[in-house]
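One chain, chain A, links the two complexes that follow: it is found with chain B in the first and with chain C in the second.
Up next, the complex of A and B:
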């Protein structure tokens, strides 16, 4: 039933793909058929995806669902679902994760992380517990550290360069 | 116009990047039409379609289609072959796209020859096999689940402690393997067949004191004899020496590697104790968290980290604003505190000396067995107590000295490291001094190290069960009592625990020559320590709110490990160099042998060319060119590093200036387009563009400073 292409396109083994399929189906048994040979066009709404225990406590769950869904709204097909967990898994390489992380933190989808994106990221991360002044100071420091071409926002190259320099010593 | 040869390329913080002189909307620049047509922007946007487009052009087989968008040098033929063998799952596109790529590749395979397709499928299989093997090896590491639980509940710092503990267990296992290969094996086959029997005077106490039965066992140096393996270059003493040197050398390589890696990371981060705030924000969240409690904890970690950063900013601001009288007072205060620290250290050393002398003197007379046990253990007890209490006092002292939090922690650590290593060194010196004329001095040393190691483990055990657990019960049962208020909540203090580990490893290294089974004891005690500490952390401790700055302290810990190793080597060296005038020598060098005798014998049997080479290598005539070569190599590396640094700075400045050029030109273009449209629309009304900047027609890069 699960064709080999899924094993090639994700980092999962056949058993893991099956397990994920059953998780997907458990979210909405009445919507998802057991037989996927005809590639039915089934999309689960974002609310169901966001209520999964793996994503429920993640402050970026909405952005993650938006980035990996085809329609950009968070409604995911089985392919999107598998793709998302494949990239989030331990086996995905660092540069792939870095690319998707950049897309997640880019709230306005303009291929750059500007100051407003940073402020939104920070507020989601700390649940608005920092004052405005503190948020501003932290965002300025981030731009100062990571912005290489000095245009006031982070491009993909700036982001990847910063991730590469991250301290791995404590692993 | 200024002279061009005095151009100083500084990082231009041009406010072009934040404001626009032409309109109040700073984002307007990014929405202009010409911005979308810039080659660099197009290259970024089409990055992800590169593979699919290249593969499409491959499958179409009609040569490189010159699409306007990808007419860049770096997108041409070069990386193509690599791209089509890159694993599908690494491509940056949705599953549908990957499916199409896969079908295309399958079609390709049927088009190209048999040999190429076989080679390609082999490389794919090999990659898969290597990945699976790597995964299997990682799964073999013990205690992974425990580490994951600890990471979830207490954060990365505490997990790093346990990872370090596991690393030391492996190190000790390696030492055990080497010892059994070099020392125990030959002794078992060729050693004298003196069977160990319980003698008349032996008792269970011997296991604690290292005397009697244990004195005659393989645990100590004295057990090993010359044995029947008596070839000139392959005999027991030589193997013994080779084993010990291999252990020290291997440990040196491993510790140096870890120290250098850590130091490189700290150096790459820029400043010495730099704060990588961007990393904390973008990589701070742990995406594997699954329950509400861990999420709250992680969030509070991140928030506290950021608050720590903000605190340090305000501290450096405050520091810059100190007036002269304040500074003088502060330095005086720090000087006094340093004197206090020195006097505390002096007092501790005197206490150790006193304990050693008492222990040596009292061992002659007869006492009740418990009293004599305590007396024998008096030096280890003193050292352990000193090492237990003084670091906490140092911590209190450094909090009065008005440093930033990171500096406080590092100052405490430095003082504690000095205390531990110096106390061990002084103890060894006293023992050395006082056992000048006693038979089998190596056994005495070995005994002291054995007792020290034992007592360290005992102290860890007692600390967990007699101190941490009751404290936790007190907090639970009587939370409002005075004692509970005084003791406060229990935290797992990472620096002090890591210091304990490093100290015990140092003792193990110092003692391995005199007590070859010390690594085995070390392995067992470290594994027990893992479970004890796991119990302490998971049952008795609360997560600490203030996170330690990870990377710089790790460098310090590994540096201390290195210092411990150097101390062990120095002790060994001193022991070999001082001529052993003892007539009652024991061990594999017995009957007047020594390191130089044994190696001299071996060298004398080698062929003469080897002998002359060795003699040349150990003479002074070789040392001088060696040192010169090392100095030259080091200088070349340092100067290359500096030149690279300068090149990086110049490239950074060039990048900034090109970027601001681009922004300026785009803005000019947009303004002119808008002007054209406006004058086209409204003929009559002239829009006055009040342009305050007189030199706005000149791009930034030609404005030389």
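Up next, the complex of A and C:
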């Protein structure tokens, strides 16, 4: 079945893939058929994905959905869904997670994390509790610390170089 | 054929690493199908189809192992009590306040183990297998105390039935073995008493070592503090809105803490004014400490006079004067120190350490003055004990003589006196040490703490909240406002409480149980009080990464509380009629007795040899030398660490500059380049081979050192360092 192929493409076992499939289906039983052998083209809209209990409280859920979805809007097929959970699972290696983390924090999708991206990240993390001055200071410090090629924004290499050394990244 | 095999291997590798590629699922599926078809088509031809099953099996086992490990970790974490409460406090008040609660929880664990030891090995055998209450004199309430023995007020002071129960030293019988199992109670009592100290010492040092391994003392955290905070602080596994709230609060707090740290680094200072103010502050504080020491001494002397005057009409104040004064000092001095410390203007974390140190000195002085006064009393009691012993023996001899002359036998049964009527010696262990001072002190300490929290925090918060509506100035922002959690006072209270428990545990086994209860209620009570009545500190600061400062204090207190107990065990002779060592010359004679009588002969010989001074002196010398060597070794490693870090920082800066095609910003290098126009000092690449004759465990270090000695900016240090290295290499 499809799950054999999917087992090699993700970090899940057959049982886990089936479980995820049922979770996916539970989000919208009328849209998702039980039988996937004909590769139906079914997409679930972002609102349903964002309401999953695992993602509901995450400040970055919109970005996560956007990064993993094919159309970039947050509407996910089953493949995208499995892909997302596979990368977020604990079995995925650090480099892969770093790559996707970079994409998540890059709000304007220009392959660089610039100052405005940092500000947005910080505000989402603290729910706008910090003052403007503090936000600005923190963003400056971050660029100061991590920017190796001195262009005022973080490229993928900068980000990876920094994140690989972090002790708490794997969660 | 070979080429085909290679291709198949390659396709297999692609399949194996397919998950690691950051591709879209569709692309992966396509590649996968293609690769698998290829492999299947040609694998049959090469006959290597079996490997797949084994591989799949191995993968499954690996996954099962991961899952099992994960479940076990979850279980272990779920077993830790109060984790959620502490996380709540941490996210609202910061890590420094939470560190107090973590310390409290650790103490609770320690006390639980101590209680288990004491209860299982000393109290339980005595209760189950020893003689019951009322059978021998030491276990019975004396006749004159019996009417009041059950009164609540007497019980509350731990007199009456409490005093003559298994909670105190005096209850235990000195029979060498008791019960069916021939359990050697006196030996076990002594060993457990000493074992409590040994276990505590071991646990404290082990925790300190573990904390030290996790890295330094808080101030520096690596080079990517803010970046890491921003990108890795969110926990993607959170699925609960309340936890999410807490996480948001904690992230905000953590950012604020780091901002405070940053700002401290950037502050401008007027050094001379600061120094003068600091000296002034220290002078004032030392004079305060001296004053309090003298006050305690004065009060203890007065209380001794009161005791001598035997005046039964002492007022409550005069009876409890010592405790009262000590509590008063403990209440008044810390805020005084804090106000004086504002002159000093330190970083909050450092200010906390100074505060802790000063309060520690205060309590220490108090405690030791108190102890010395206590010893005077013990000596007095020993004198009176001798006289009672003499009189008892004389009475017994009289009885013996009368009986034998009356009945004309030599086989005299023991006097048929009810145990309650027998003359008692002043059992100094129970009366003075166990009961009188320690338990009463600890109880009054507990009462004072709880009352302070109740009044200082709760009533204050309630008044501020409700009176605010009808008061002239804004109570919440202005004078009383809500209290902040007093970290230093609470931590020291905890540490000193533990010190007193350690001192008293040998003489009052029930004390450890009392402490367990106290810590339990403390945890709930203080958690509630903090969340309900306190506000976060204005400048939230991060606790030092390890709790090593608290542990260091605890270790010191442990050592200091060990001294009096060991002194009493070694020098004072036990009471003749109470406790498990009665009848012996010194308490440790029990051990000697056991060695002689119970263990085989050669072990006795071994002990005699081992206690020979000729053997002990070289052993002590060896240990001192080992200490010195290890210390030097660890210093060497620390230095190596620092140099490596510096080297990495330098390499990173050079990389940055090279990428931007800028000249080296290193001023000294620039000057050198000007002086030597042929640019022979451009940084060479790292040498591949370490020079011969270096230590094998740090080859990178020596080549690094070589490189550093070439372009380190700090010349004098570089020379010294090169010299140091060359010595090492020899």
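The working rule: the second predicted complex is superposed on the first by the 163 of 171 C-alpha atoms of A that agree within 3 Å, B and C clash if a C-alpha of one lies under 4 Å from a C-alpha of the other, contacts with A are read in each partner's own complex, and residues count from 1 in each chain.
Note that a contact is a pair of C-beta atoms (placed from the backbone, for glycine too) under 8 Å apart; a residue touches a chain by one contact, two chains touch by 3 or more.
Computed from a predicted model, the values in this text were never measured in an experiment.
Upon superposition of the two complexes on chain A, a steric clash is found between chain B and chain C. In the superposition on chain A, A:110 makes contact with chain B only, while chain C stays out of contact range. After overlaying the two complexes on the shared chain, residue contacts for A:101 are found with chain B and with chain C alike. After overlaying the two complexes on the shared chain, residue contacts for A:27 are found with neither chain B nor chain C. In the overlay built on the shared chain, the residue A:152 is in contact with chain B alone; chain C does not reach it.
Of the two partner chains, chain B and chain C are each touched by A:162. In the superposed model, A:126 makes contact with both chain B and chain C. Of 330-338, 510-518 or 690-698, the chain B stretch that intrudes into chain C once chain A is superposed is 330-338 (criterion: clashing C-alpha atoms).
Overlap of the chain B and chain C interfaces on chain A: residues 5-6, 8-11, 53-54, 57-60, 70, 79-80, 82-83, 86, 88, 91-93, 96, 99-101, 105, 118, 121-122, 125-127, 129-130, 134, 137-138, 141-142, 145-146, 148-150, 159, 162-163, 165-166, 168-169, 171. Considering their complex, residues 5-6, 8-11, 13, 53-54, 56-60, 70, 79-80, 82-83, 86, 88, 90-93, 95-96, 99-101, 105, 118, 121-122, 125-127, 129-130, 134, 137-138, 141-142, 145-146, 148-150, 159, 162-163, 165-166, 168-169, 171 of chain A touch chain C. Chain contact summary for the complex, chain A toward chain B: residues 5-6, 8-11, 53-54, 57-60, 68, 70, 79-80, 82-83, 86, 88, 91-93, 96, 99-101, 105, 110-112, 114, 118, 121-122, 125-127, 129-130, 134, 137-138, 141-142, 145-146, 148-152, 155-156, 159, 162-163, 165-171.
By the touch criterion stated above, chain C contacts chain A in their complex at residues 15, 18-20, 22, 24-26, 28-29, 32-33, 36, 60, 63, 66, 70, 222-228, 230-241, 243-244, 248, 251-252, 255-256, 258-259, 262, 652, 655-656, 659-660. Interface of chain B with chain A (complex): residues 11-14, 17-18, 27, 30, 44-45, 47, 87-90, 92, 94-96, 98-99, 102, 131, 135, 156-157, 159-160, 163, 261-262, 265-266, 268-269, 275-279, 281-285, 287, 289-292, 294-295, 299, 302-303, 306-307, 309-310, 313, 550-551, 554, 652, 655-656, 658-660, 663.
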